[in-house]
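Data block below; observations after.
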Amino acid sequence: MHAKIPVGILGATGMVGQRFIQLLEHHPWFEVTWLGASERSEGKPYAEAAKWRMKTAMPKHIASMMVSSAEPKGAPKLVLAALDSKAAAHIEPKFVEAGHILVSNSAALRMDADVPLVIPEVNAGHLKLVESKKAAGKGFAVTNPNCSTIGLVMALSPLQQKFGLESIFVVTMQAISGAGYPGVASWDILGNVVPYISNEEEKMEAESRKLLGDLGDGEISMADFRISAQCNRVAVEDGHTESVAIKLRRKASAEEILAAWREFRPLDGLHLPSAPPQPVIYETRPDRPQPRFDVDAGKGMATVVGRLRPCSLLDWKFTVLSHNTIRGAAGAALLNAEIMKAQGYLG
Amino acid sequence: MHAKIPVGILGATGMVGQRFIQLLEHHPWFEVTWLGASERSEGKPYAEAAKWRMKTAMPKHIASMMVSSAEPKGAPKLVLAALDSKAAAHIEPKFVEAGHILVSNSAALRMDADVPLVIPEVNAGHLKLVESKKAAGKGFAVTNPNCSTIGLVMALSPLQQKFGLESIFVVTMQAISGAGYPGVASWDILGNVVPYISNEEEKMEAESRKLLGDLGDGEISMADFRISAQCNRVAVEDGHTESVAIKLRRKASAEEILAAWREFRPLDGLHLPSAPPQPVIYETRPDRPQPRFDVDAGKGMATVVGRLRPCSLLDWKFTVLSHNTIRGAAGAALLNAEIMKAQGYLG
Amino acid sequence: MHAKIPVGILGATGMVGQRFIQLLEHHPWFEVTWLGASERSEGKPYAEAAKWRMKTAMPKHIASMMVSSAEPKGAPKLVLAALDSKAAAHIEPKFVEAGHILVSNSAALRMDADVPLVIPEVNAGHLKLVESKKAAGKGFAVTNPNCSTIGLVMALSPLQQKFGLESIFVVTMQAISGAGYPGVASWDILGNVVPYISNEEEKMEAESRKLLGDLGDGEISMADFRISAQCNRVAVEDGHTESVAIKLRRKASAEEILAAWREFRPLDGLHLPSAPPQPVIYETRPDRPQPRFDVDAGKGMATVVGRLRPCSLLDWKFTVLSHNTIRGAAGAALLNAEIMKAQGYLG
Amino acid sequence: MHAKIPVGILGATGMVGQRFIQLLEHHPWFEVTWLGASERSEGKPYAEAAKWRMKTAMPKHIASMMVSSAEPKGAPKLVLAALDSKAAAHIEPKFVEAGHILVSNSAALRMDADVPLVIPEVNAGHLKLVESKKAAGKGFAVTNPNCSTIGLVMALSPLQQKFGLESIFVVTMQAISGAGYPGVASWDILGNVVPYISNEEEKMEAESRKLLGDLGDGEISMADFRISAQCNRVAVEDGHTESVAIKLRRKASAEEILAAWREFRPLDGLHLPSAPPQPVIYETRPDRPQPRFDVDAGKGMATVVGRLRPCSLLDWKFTVLSHNTIRGAAGAALLNAEIMKAQGYLG
């Protein structure tokens, strides 16, 4: 039996950092050996530095692990990053510079031309962007999209492959956990809807086009569909729900669309530990998907789609749900690390 | 001082019926003299028949008023109706047949060709549809739109007048009170989003086109824009929030659109007691409107709009909020009764 | 390998019935072979009769199982019952009369002198009440307490054993799922507290004294402590939280009380499949237990206690949490069936 | 017409400061002329310094008023204070020292022997504690109790007067607004109960005994009842609900208790603008009071009581509700300022 690959968690005390620790507890390939966080936490055992807010218990060996400062020194080669965007902007480049492989959930580097923005089921090929750096023994970063983008793009990817996408309209109803901790004040969201999330619409529109874009000769050309996003916060704990409408380049029947989703299993055979067996699940019940019942589909790694019906403006309307701190954050980065391992990017 | 006009409330014990009673408590023109409800309530004093769920106290003279059966006999000429759709379908025609003026919040008759579907600020002229019946001394019905339609159409009306509407995209996040009582089970909505409300999308699409249609030679021609609606239920008590995108026939700047909303005061000078001084209020704060803070604007009779910004797919995106049981139900019917009084339809 | 024991579920379509099905899906001893429900469901496959509201999927063989009427004919000898109280009052006796072993979650028979009211960790010995009926080959009923009683009594039982209880004060904050489906209307509970649950305080006070009472010569003598309960409903999905204060007959230190809870493992060695390894878990974090984080402790079968501190009126104050539809309903009945199997009451 | 008395608001940008501004908007006696807040806000117009979170609009003259630093210089003689406890501990004494009359909502000085802790309906006589300072032309402070104490003590005061109190048991279910802004993180409270509020139980127990204590010869002797409090946070916006049990020194019937509450109108004749006409309202409906429906009773200044019933441990049980940011904070301090004006303490 091979030893597990050591991984560091950067931003280990926050909500996404805690999810990383939870998801990695019994991981067959990776093992957490280093925890990095802000100065406030540095030098304390994790149990003291972090206010644990997961429903499962804090793993024991993590509880007593000392938290390091958010500096490359001492960190293992592979680092999963869950810093907030501001901190990420000046900390992440230091890790890349120091030769680390940074698999980041932050927005800081996502749209950089030489940084792959990856959903393994959708555009694993974009990882080639880092091949020259890897060959040169340099550090590099790989990112996953924003929590509201990922469910949408997983639902769109098989449709774009089969029919082409011309226009996309999306309105989100996003869970509070997407804002981190303490995040949204209860006074602002209890019994309320907040029709604004800073910079979220811009991220969804830009990231979707990069994710579904083509890697040509060394650079990504953005997908040429038009997309309009409106983002709202609602009083849900976990799970972003999205009302979507699309116009396809080639007309498709409901049956063809359902088949495209059903048959979309691009990772079959790779045996990635965190990959959901069915990445896009179609729920036939008329009032589904719902965060209450469907957010944990595929252990929180699947995207659940429902209510496919004709749109009187574009072609089709449907609802998308995905877990925003698993598939939309920690699980996304972890699956990126897994496909990178499977394809030799970590070696 | 003139005596007040007697009004009956049909469906007096439900949520909308209770709102009618609350809004009419100190009304300068109308006075509740008759309460009709289902057999279960018949013959009981209202205080016993209704489980009162308003935040203000039940008016004393209403508490002791005896509830009648939902039959025309004994009801005054003017009846405000708040029956659920099934009951309305067979009860409302009886009242019209018996010569009553029925101002109804129900969906049963809304799309009938000879029944005006009216928002006073938008299409008061459609009331002409009933002139011949009125002249003949017959009964007739006037309806208001569905709770999710009314805020949208109030925001759209000035834009259609000034610039013309080509396409409309709307996604709703609707409050639980829109479903009546007991309505949505708490197990289904607490911490959840339900992406389905039976028949709601169809209503929004059809009613919008009738409301913004033209009354030609004795009949309404539906407005010729295209509209696509997606309806969701969220854990909000009162106030439907809607994410809207529109394409205009004539391009307009943000300033022109804001001016159209600001100057939209078609009822000025009529002194209708329930008309909000500013029917469409634009909120400049970036994260507004929100149900928590804005639902009671104009005593719940105004529509609050915010976040006007360009749309990468159509022309403009914005957020609309309106109170679903005041402006979207009881207040809507009451304002219809008021404009009918002002324009001589009740005489 | 022995065949599993066939069990019927009476009241199979409701919330607790669904929990039974969920908990029995992979049960090592029992197998669901019969589903009984009201006339409305009779003759339909379960998938059609029940609106499934669990987070896990409906088991396939259950989905296609035909629902029977709520009559003994055709039911297996062992029946787990989840009827509402009204239905239970006239249906449950029929099953007992017909010779069935009825393990019921309903309140109907709980306080009958010849019916054991059992929590296996607390008073398994009370099962002896049915021995003569069993010996005579007759049917009999065994019940579990109300959802708000069970967590309290599990926390109290080791204290009564070691120190004796003189007085108990308890105020509950109960989850909506305790009211079944549709249960509490969302309008009544969203952002609200309802300080009343019909008959709940009476049940808590009476059941606690029977559960902690002694089985003397063929009958239960009620425990002689005094108990005062106040019951509230709050906007929580699953998990009843209770603020408790107690006066002991023999003074005990905090350490002695913590030890009593820690050492309370009366089922050790019995290997009951649904028994939690640690029935009473003490949480040391100062703001716990909380439904959000602790409700699933011991797979929803443990009681979580926290905040032990002196009381200026009685002796000690603490907070109790338990899962109201698992430990407080379906899991309670199932564990009763398990201990009955282990002790030969099913044979 | 006399000029209004100028008042300053210390801590003007927080939740309670905003409530002060809202309640003073049309006040007949007082006029806001000065706003003090932390350094971050100093020198900015209020509209820019404060994120307004009230449902009514920010008063216009307040919006443009410049915010001062939290220093006595420039503040009017009468200052209403809404600082958080930490800030209050070092800022409030400076205002007293500088000769101001400080009417404070903070906990900092409440239990000081020479500072009156006052609810006008309960212990206005305690204001005499400041007479010598007033006579000497010195500054002094008057405080109101904690938001969870005030509703309880208003309900208890008439019972103590008529029957005497021996023991009190109280469990609170407190609204999120009691924690200020941002206060409780939505992740911590949505669908949850938090059984802990720092230092709240200690405050309730101590403040109740001071409020209901006697002012003997220049000092307050604490009331001699025993009181045990347990405090919980629930997902309610405004309104603390409390489950109470009491033992009286002289036995009283339910009718006598109801009469004591009904006849408790100690401020009648004083015409204080913010005093509720009926300070303690008894709700007869079996499931009331509820925050949803009753929190605004008496414009948020009344205490609503319900469910009076015998207690099997003490004498009586009942439920208390009061508005925590009006009666429990800003309204409490304002009413204190009003009675001080009426009794000559401001002159």
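To keep things simple, chains are lettered A, B, C and D as they appear, and every chain counts its residues starting from 1.
Quick note on the criterion: a residue touches a chain if its C-beta (ideal position, glycine included) is under 8 Å from a C-beta of that chain, and two chains touch if they have at least 3 such contacts.
Please read all numbers here as calculations on a predicted model, not as lab measurements.
When chain centres are defined as mean Cα coordinates, A lies farthest from chain D. The interface holding more C-beta pairs in contact, when A-B is weighed against B-C, is A-B. Centre-to-centre separation of chain A and chain B, using mean CA positions: 42 Å.
In whole angstrom, the spacing between the mean C-alpha positions of chain B and chain C is 47. Of all residues in chain D, those that touch two or more other chains are 53, 188, 190-191, 235, 237, 292.
Chain C contributes residues 15, 53, 176-177, 181-191, 235, 237 to its touches with chain B in the complex. On the side of chain B, the complex with chain A involves touching residues 167-169, 171, 173, 188, 191-196, 205, 226-228, 230, 232, 234-237, 241, 243, 245, 286-292, 306-307, 311-314, 317, 319. Here chain C touches chain A in the complex through residues 53, 55, 190-191, 292-293, 296, going by the rule given at the top.
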